[in-house]
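Taking it in order: structure first as structure tokens, then the write-up.
We call the chains A, B, C and D, going by the order they appear; numbering starts again at 1 in every chain.
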Amino acid sequence: MNTAEINILKEIELENPIFIEALPGLGHVGKLAADHMIDELNATKFAEIYSPAFPPQVLIKEDGIIGNMLNELYYLKDVGEDNLDLIVLVGNTQALSPEGQYLVCKDILDFVKGYGITRMFTMGGMAIPQPVENPKVYGAASDEATIELLKEAGIEIRSNDGGIVGASGLFLGLGIRQGIQGACLMGETPGYFIDAESAEAILKKLSLLLNFEINTDKLDERAEETRQMIAKAQQMEQDLINKANTGNADDLRYIG
Amino acid sequence: MNTAEINILKEIELENPIFIEALPGLGHVGKLAADHMIDELNATKFAEIYSPAFPPQVLIKEDGIIGNMLNELYYLKDVGEDNLDLIVLVGNTQALSPEGQYLVCKDILDFVKGYGITRMFTMGGMAIPQPVENPKVYGAASDEATIELLKEAGIEIRSNDGGIVGASGLFLGLGIRQGIQGACLMGETPGYFIDAESAEAILKKLSLLLNFEINTDKLDERAEETRQMIAKAQQMEQDLINKANTGNADDLRYIG
Amino acid sequence: MNTAEINILKEIELENPIFIEALPGLGHVGKLAADHMIDELNATKFAEIYSPAFPPQVLIKEDGIIGNMLNELYYLKDVGEDNLDLIVLVGNTQALSPEGQYLVCKDILDFVKGYGITRMFTMGGMAIPQPVENPKVYGAASDEATIELLKEAGIEIRSNDGGIVGASGLFLGLGIRQGIQGACLMGETPGYFIDAESAEAILKKLSLLLNFEINTDKLDERAEETRQMIAKAQQMEQDLINKANTGNADDLRYIG
Amino acid sequence: MNTAEINILKEIELENPIFIEALPGLGHVGKLAADHMIDELNATKFAEIYSPAFPPQVLIKEDGIIGNMLNELYYLKDVGEDNLDLIVLVGNTQALSPEGQYLVCKDILDFVKGYGITRMFTMGGMAIPQPVENPKVYGAASDEATIELLKEAGIEIRSNDGGIVGASGLFLGLGIRQGIQGACLMGETPGYFIDAESAEAILKKLSLLLNFEINTDKLDERAEETRQMIAKAQQMEQDLINKANTGNADDLRYIG
């Protein structure tokens, strides 16, 4: 039994694609960067991923249309000066349980390996106490050669320094076991707001590493939209919590 | 291995039945509406559903008779002016864990799909801070055509507005993936009491949507009964908590 | 895959045995009653049950010898004036997770059904705010005929009154689905100490129901021993918690 | 499906090896002792163990290189005067969930049994309120003969005294069910710092029991390194918690 239910939307062939992971996390830095990249470079969705390990709910999108919790795979061909093929993993959620996290990442990696990936980049935020003017990008990697590439791109190397929790870490770890080189790019962010500047910082480093150009003008706009959507969701959640504190918490476990 | 253990009580044949979900949730709005509908329209139970994902307990019913935690499927034939066949899912519980929620809903949907369902309605409550005189009914749906039907029935559309947690959301999400149109009807409710008025509101909207008539006079009575049952259960729970705070909490984990 | 790993120690044949469940719970009432019965009536152990769902630990018994977390099955032949055969389930633990609870009980019930059981009694405590001089015994049952038997034995019937959580409830619920009649006997207990008087009360009712005689003189002694063992375990746990509050809680997750 | 994914690095043959477990736990006592032993006696790694039950993350090691959460098996041949073969289990984690704990230990024990082990020692810390000058070593064992061996080595026997939680307990319990004799050595430790003295104490007892010599001079140094690594990880975690208390905790669930 697979934990990830992968629905292939389009049969594609890619040449040694690079795998890029950017699921929701701290400050939504990675997700924001990847969503923008998909938009600007006109990436095409070729697979959707569902899982029993995702939160047991749906989202209400624009005009009352319901959307599933899911991960999505996009591809891009001949990107930048090196004509690279890319597979980009984005989505609105990660698995909830530790075992779910592992098994979903494993299933997805097994799937994208079928397209011949040999390298990967995972993207996320790194917590700092205060917002800063120019967020730095930190990195860690599977091997010394990749560390050198990160250094050449002006990325600070984290050393002996905690861990990387969730999909951004697990993909790299699973990759190492299968001989796939990779790195994690982490943008400094206080993490408690949608951080467009940090997303821009890691996107610039990624474009430098993969040798492509990307316009980041609309990143701020996109960040604003996400901010509003999340504010609404939080308000709703807060209302529920307020009720829970005055009434019967048990009845509030489910909406619906 | 299935997570839902479905015990078929009666072999039936239905014509393009509509699936209605109303498991316990906020203010017991959906459950109350469906229980009343089953009673008033004389629906027949044709399957019982058990699961390892349900709470590990039984209930003590009238005269000391023990009842299992379970979900139940009822059917109705030739309902209303459109002679619709209906399958109604009710019960005294939902699965506890996120993965259990997903897997139980998936098993049940696979089962009812065997009867040819092509549409579904899920029913629940939507949290509001204060009780109101005439609770509104909100909706969200799988597609624009269904949104239009909801609007025609005077249902307010929620837009870009949080999520629907639990079975009411999951059934719709799983349905979308299989081409089954559906909507969620959510009655405004403070959620901390059994809300007969909110249940009446969604039941009226459902009868409008499906073009059948239903007498709601006994809804208040039914709400009162449920209220008393829950008050008893809560008192018992409170007693346990009081003890836990004065003695050894560990010994109190189980009754029995 | 079974959740309960059952190790059969002795091949036995029984005539329509009655199944008695008495795993640890509130006030250790059921366990204490069953342990005493096993001792006084010289029951023989015929199976041991292990499970991944039990707490991930071992116990240190007398003289430093290590004991597994386990459930045990004993049998008795020709008990009392009705020459009844009995299977008694005791142990030092119940499964931790809700799903583990269900699956372990289901595996055990499937196993004992192989011996032809058609009736069962589960035993536990029922929380009351204060200790009382003569704890009452409350009951609930699978069917009206069994309720009548309980009433004849002077057992108070609980009605419309909460639930029975854990193995004592689950066995009855699973039994009902398979046509096995049963009842739960619950002795009043504050629950925060090992309650020999409550255990004695339910044991007397059980002996009345099954028509056998049992000397309860040593019950107090047994309760005292259990009390001391638990006090030690709690002291150790408290020491750990005190440390956790002053140092690094994470390091304290495991002993060993 | 196995919960432990075992990657064999080297085919080996051993003669009646003794299995030694020392995964992270209280005061890192067992791990520190075993890591030192592996280093001093030049043990060779022959297998790596991964699991979906391990924490869903990776670690950032020296120079930014990423390391998986894993357990490792080392072997030693002809150790000490009795020319004993040893298998040593170390690692940077234990499984998170209770069921994961059980299943990973079971898979590993099944694996090392293939090498013919008939005895085992598990090592860990035992909580005491205050640091002491000369930490004592306590023990518990599978059988009376092993208890005698522990007493001869000057190990204090714990009796009727709580439990052993996690891998150090589970391996012994699983071993007992398969006829494998074993003991747990527990060094006194306050637990809230890396305790080199306690590690030294249990290592000396182990060398006495297995009749080999080991230099413990570098144990302090190793403890200091571990201390610094953990301090960094904790600082990082604390920063996250501080942010969580001022901002949106939900966004902080993942780094990456």
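Points to keep in mind about this one:
To be clear about the criterion, a contact is a pair of C-beta atoms (placed from the backbone, for glycine too) under 8 Å apart; a residue touches a chain by one contact, two chains touch by 3 or more.
Protein names from UniProt, one per chain: A, B, C, D = Proteasome assembly chaperone (PAC2) family protein.
Predicted, not measured: the structure shown is a model, and the values here were computed from it.
The chains in contact with chain B and with chain C alike: there are none. Farthest from chain B in terms of Cα centroid separation is D. Chain A and chain C have CA centres that are 49 Å apart. The distance from the centre of chain A to the centre of chain B, with each centre set as the mean of the Cα atoms, comes to 35 Å. Of all residues in chain C, none touches two or more other chains.
You'll find the chains touch as A-B, A-D, B-C, C-D. Contacts from chain B toward chain A in the complex involve residues 23-28, 30, 94, 98-99, 101-103, 106, 122-129, 139-144, 147, 150, 157-170, 172-173, 176-177, 184, 186, 190-193, 234.
Every residue of chain C that touches chain D in the complex is listed here, in rising order: 7, 50-69, 96-97, 100, 229, 232-233, 236-237, 239-240, 242-243, 246-248, 251-256.
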